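Next come two complexes, and both contain subunit A; in the first it sits with subunit B, in the second with subunit C.
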Partner chain A sequence: MSVQRSTLIFAWILLLPAVLYVTVIVAYPLVDTFILSFTDASLKKTTNWVGWVNYEKIFNATFAEVIMRTFVWTFFSVSIKMIIGVFGASMLNAAVPGRALFRVLTMPPWIVPMAIGIFMWGWMYNGQFGMISGLLQRFGFIDGPVAFLAQGSTAFWATIITDVWIGVPLVTLYMLAAMQSIPQDLYEAAWTDGAGRFYRFRRITLPLLIPSLITMSMLSLIATFNSFDIIWILTRGGPSGETTTMIIDTYHTAIGSKKYGEGAARAVLICIFLSIFCLAYFRVTSRLSSGDNR
Partner chain B sequence: MTIHFKPGHLTTGLFALALLGSTALGAMTAQAADQEISWIYCGDKIDPIHEKYIKEWEGKNAGWKIVPEVVGWEQCQDKATTLAVAGTPVGMAYVGSRTLKEFAQNDLIIPVPMTEEEKKSYYPNIVDTVTFEDNQWGVPIAFSTKALYWNKDLFKAAGLDPEAPPKTWAEEIAIAKQIKEKTGTAGYGLPAKTFDNTMHQFMHWVYTNNGKVIDGDKIVIDSPEVLAALQAYKDITPYSVEGATAYEQNEIRAIFLDGKVGMIQAGSGAAARLKDTKINWGVAALPLGPSAKGEGTLLITDSLAIFKGTGVEEKAAEFAKYITSTDIQHEYELQGGAGLTPLRPGALVDEFVAKEPYWKPFIDGIAYGGPEPLFTDYKGFQNAVIEMVQSVVTGKAEPADALKKAAADLEQYK
Partner chain C sequence: MSTQPAMVNRYRWYELIGIYAGILAFLTFILAPFVEGFLVSLKPLSQLFSSPYRFIPQNGSFEAYRTMWVSVPGFARYIFNSFLISTIVTAVVLTLVVPAAYAFARFKFKGSGHLLGAFLAVNMFSGAVLLIPLFRLMRSFGVLNTYFAIIVPGVAFLIPSAIWLLRTYMMRIPKELDEAAFVDGASHFYTLRRVILPIAMPGITVVAITTFIGSYAQQFIYALTFNSKTEYAPLPVGLFAYFGRQEVIWNELMAASFVGIAPAMIVIFFLQRYLVSGLTAGAVKQ
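The block that comes next holds the complex of A and B.
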């Protein structure tokens, strides 16, 4: 056996556990869900092949609204997380006394178990006992209690704020790490030339942060698009479906109404969108790394 | 083309869905062994009364073992369903009776017929909650009804007689209005969150006005009786807790326990909690609508369903009837504080009501009560009713329009 051949076999042996893992845990269920999406699977003991019917059903006016809402929800949530994250990282990167303490204080939303954090926000949004309504009443901004999860418009933003609260620490820490990797001598040179704080941020920090910003945005986009817990615990997609995103709608259909075939079609659609995001992410990161190599 | 059911195929598909939906379908390994009857038991722990009688039954039935698995309320129903669909059913499961129709239609459970004598032992209308196509598909094990709680101090502060709760919807709306206007506190607690009990609460109004949602296979929700209930919902909303769509039944109860609402519809569990507060409260039968024939309420039962294909169906049915037999059931229900309404009348119940008179309205309402409507797609039905209620209380739709829309939507779920 040639050395080259034995090296190849050895490489495949090393890869085998990962290949098996991906096949069993990821590939097979995905393929199976794809097949399921072309059937009328439900509680019945037999299923019929129904072709594209499940896909035709989901492209009605209501689901189009759900898709649009998912994109809007994701857009605002990711954008706000990125803006606050970059701002927070800049603050934490500044040479101020007690910086280490502030860094620690950014962590709780990330450390607290997600469900507990969401329930806490649920109580804060409560009109009768909630802190937000109470404070607004005390300072005279509102006359009586306001339940923020009662109306579609406020509930939609309430779920975004909660998602931002949970997601910001990760973005902040990632951006802080990126900022700390920027060579200090660039700032010193700019400072010597009389560049102000904002100018240094605009002309040094921001351009050098762009690769990290893109990477983080993409990762955050994927996680946010697929976010289930926050909306489910706070509103279950209500009131009147005004916080129902694709993942909530899929759960209602597949698990609630036990229409597994229809639910699978919705899940496939989510997979397609997420795959597009992933492709974009890999493309951008590969471009960035090839740029680094030049 | 018809595909014969392959447990593995569907199980894996469901697994992928579960990952996406963050639900728990993981534990698919439970299997009924020979001479064992597995039982999915909803809650945090097995009730000591049940534990005691499981042992007694096992003593009398040598070679048989009951294997209960405690599953939290949120996952309980889904777990029993998933296991059945995946081809690995449990022997018996504690399920909401509302799901029996879809289980039966899909050949997942066996009927558990009742003799005439057994049927007569229950309070009226209870057997209807487990009956579909003239057969019983579950054995009732838990039951709840609702009554009207009122805050006597708030009544007094509003210039109302604190000992005179409303008897009709008109009185209830007028009292709610007076409380709101005279005290600034909400007169009524109307839950309308995207939550199952929003539908339950509305059904209490339907059954206190002689209304119905479905009759056999015919959708009859678009009736003057149900329209009157929806109109009453619209009329009482301005005097209710602000932001009804943010609260479910238990959250409204918390507001009542805090003394911030005049009246609520709640189960007997609220009384146990109220005893620990300083609130001066009373409880009465639910107020009646203009078409009512008598005191009514929604009758919610949970049942023991016997799943098909385990090989122990007969013995499981025998055990289900044993563990819910009159004496054991009374012992279980009348422990107090559990919020369960007795399923059957009896001397023990009379004794219990004499000792705890607040129980009376919960039992009186059974006479004209009605079951949770049985639909093939129960969640679809539930969501359509929630959508209808929310559109009215938020002012997005007029009751007549919302009702027509719901009636049309419900056709696909029956």
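The block that comes next holds the complex of A and C.
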């Protein structure tokens, strides 16, 4: 009994520093956000309790549009990341000479400070002098220069593509690891039975990949929903708000206009959405892992 | 493992072409911005701002790699800041995470599963969501406009994945080792320090590398919001110095970017195996 107790105390001593740190830097701010969202906190000295006013203020047509846009943006970004990631992983999984080098070459967008990759894309999107507009004109796809970041519709897709580019290495390497953990004898057995390569991919690789696929989409969903740097550096949410996602909107309100209370209310809404994703994630993964134990 | 590829992995010539074409397309997407960025750094500014677009530089030179130090004299300082911040962040994360990961890997107690879940849940909030209270918190700590304003929140958001990674690694260390040490009369603390830590060193190295890279790559938002002093600015914010009033000095910005990422690139090249194993530890069920 006393051994057990000393073990328990030891475990808590080990955990305490990390628990305290995260409590002060993450849990407390989370609670503080919630409290702030019911106040009119700003640069003023005094702060008053205002009840639901902030929430009433933000529920208008523009904000509904922002929410909608955030979901569409996130949906396309995550889907494209997953498609390109699985494609890249299955190519890199092929036993061809040079695969180790190709795997290293996949990493740069993920390793390099995000801001730098985004600057490069920013220049490539430049209308008059940028590479994309230039090459598209050269090959006759467009007639004149297109300033991708200056028009709402193209800016929307431009920010998605950059987000995909930054997220793809992680998805690719993760899916590659998942593919390599599939027992080789399954393929050999199927091969002996005369199954073709595509058939083996469809009937062995894909089904066994589904748990990792779901895990990665969920993690990617959460990261993408939180995406800030890309849109901020490329467009700051413009032109005329057409790339403003919930995170950007919150930043504008809270840090730009110094309306802390209103910004907090927006942040609370983001937290609610994220919690729903997270709950769904735990639900799905626990179902998957209990399925494995059958 | 035979050196000869298994029969099942033999490719026909058209399959090989298909695979290499696929890899080429994939890597073109990944690497195009770097190639273009590098070519931009070689072009003189007048050529950059001219139509029609030319992919290959004419009379390209490494001039921008020299002038970038002149236009932004503080640039070396930004690289230094990035390194300093990432080093401190990594050290603090390891100090907090090594004991915690050991506790999660070894001791099952009431609520340990929930506590681990709570740590992982931190991952879902980016700093951006918590920016307002974090700003107030940093202000009340009196660390706004210091290195700590970038370090303190940075650490918190790197803890969850570090715990997860290291816990996975430590769970693979046989429990019999702890038990043997315990039977010999070693204390818990002694066991952790003398038995577990040496064996877990490779795992700790992986966590240190991924944490360092993560911190180096993601210093933007805190540095942008909590620090307005240029002397403490890390690389991603410091690069904005090349954004002039009229126009961006693109060739120098790109040159500076490459100089800034060179350290990270060298790290990838030598440590990529650690990186991949670190990244994918969660992907493979043990």
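Note that in this section the second predicted complex is superposed on the first by the 286 of 294 C-alpha atoms of A that agree within 3 Å, B and C clash if a C-alpha of one lies under 4 Å from a C-alpha of the other, contacts with A are read in each partner's own complex, and residues count from 1 in each chain.
FYI, a contact is a pair of C-beta atoms (placed from the backbone, for glycine too) under 8 Å apart; a residue touches a chain by one contact, two chains touch by 3 or more.
Computed from a prediction, not measured in an experiment: that's the story for all the values here.
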Subunit B versus subunit C as contact partner of A:Cys278, first or second or both or neither: second
Partner chain in contact with A:Tyr28 - subunit B first, subunit C second, else both or neither: both
First (subunit B), second (subunit C), both or neither touched by A:Ala264: both
Which of subunit B and subunit C A:Gln128 touches, first, second, both or neither: both
First (subunit B), second (subunit C), both or neither touched by A:Ala254: both
Comparing the two partners subunit B and subunit C, which touches a greater set of residues in subunit A: C
First (subunit B), second (subunit C), both or neither touched by A:Arg5: neither
First, second, both or neither for A:Ala115, with subunit B first and subunit C second: second
Overlapping contact positions on subunit A, where the subunit C interface meets the subunit B interface: 28-30, 32-33, 36, 128-129, 145, 226, 228-229, 247, 250-251, 254-255, 260, 263-264, 267, 270
Subunit A - residues contacting subunit B, complex: 28-30, 32-33, 35-36, 39, 41-49, 125-129, 144-151, 155, 226, 228-229, 232, 235-241, 247, 250-252, 254-260, 263-264, 267, 270
Subunit A-facing residues of subunit C, complex: 5-9, 11, 15-16, 19-20, 22-23, 26-27, 29-34, 36-37, 40, 48-55, 82, 95-97, 99-100, 102-104, 106-107, 109, 112, 115, 117, 119, 121-126, 128-137, 152-153, 155-157, 159, 163, 188-189, 192, 213, 216-221, 225, 235-237, 239, 250, 253-254, 257, 260-261, 264-265, 267-269, 272, 275-276, 279-280, 283-285
Residues of subunit B that touch subunit A when the two form their complex: 1-5, 9-10, 12-23, 78, 81, 84-85, 102-103, 105-108, 192-195, 241-247, 251, 254-255, 258, 260, 377, 379-380, 383, 386-387, 390-391, 394, 396
Residue numbers on subunit A that touch subunit C, as the complex places them: 6-8, 10-15, 17-19, 21-22, 24-26, 28-30, 32-33, 36, 84, 87-88, 91-92, 94-96, 102-117, 119-121, 123-124, 128-131, 133-135, 137-138, 145, 165, 168-170, 173-178, 181, 184, 187-188, 191, 197, 212, 215, 222-223, 226, 228-229, 247, 250-251, 254-255, 260, 263-264, 267, 270-271, 274-275, 277-278, 282, 292
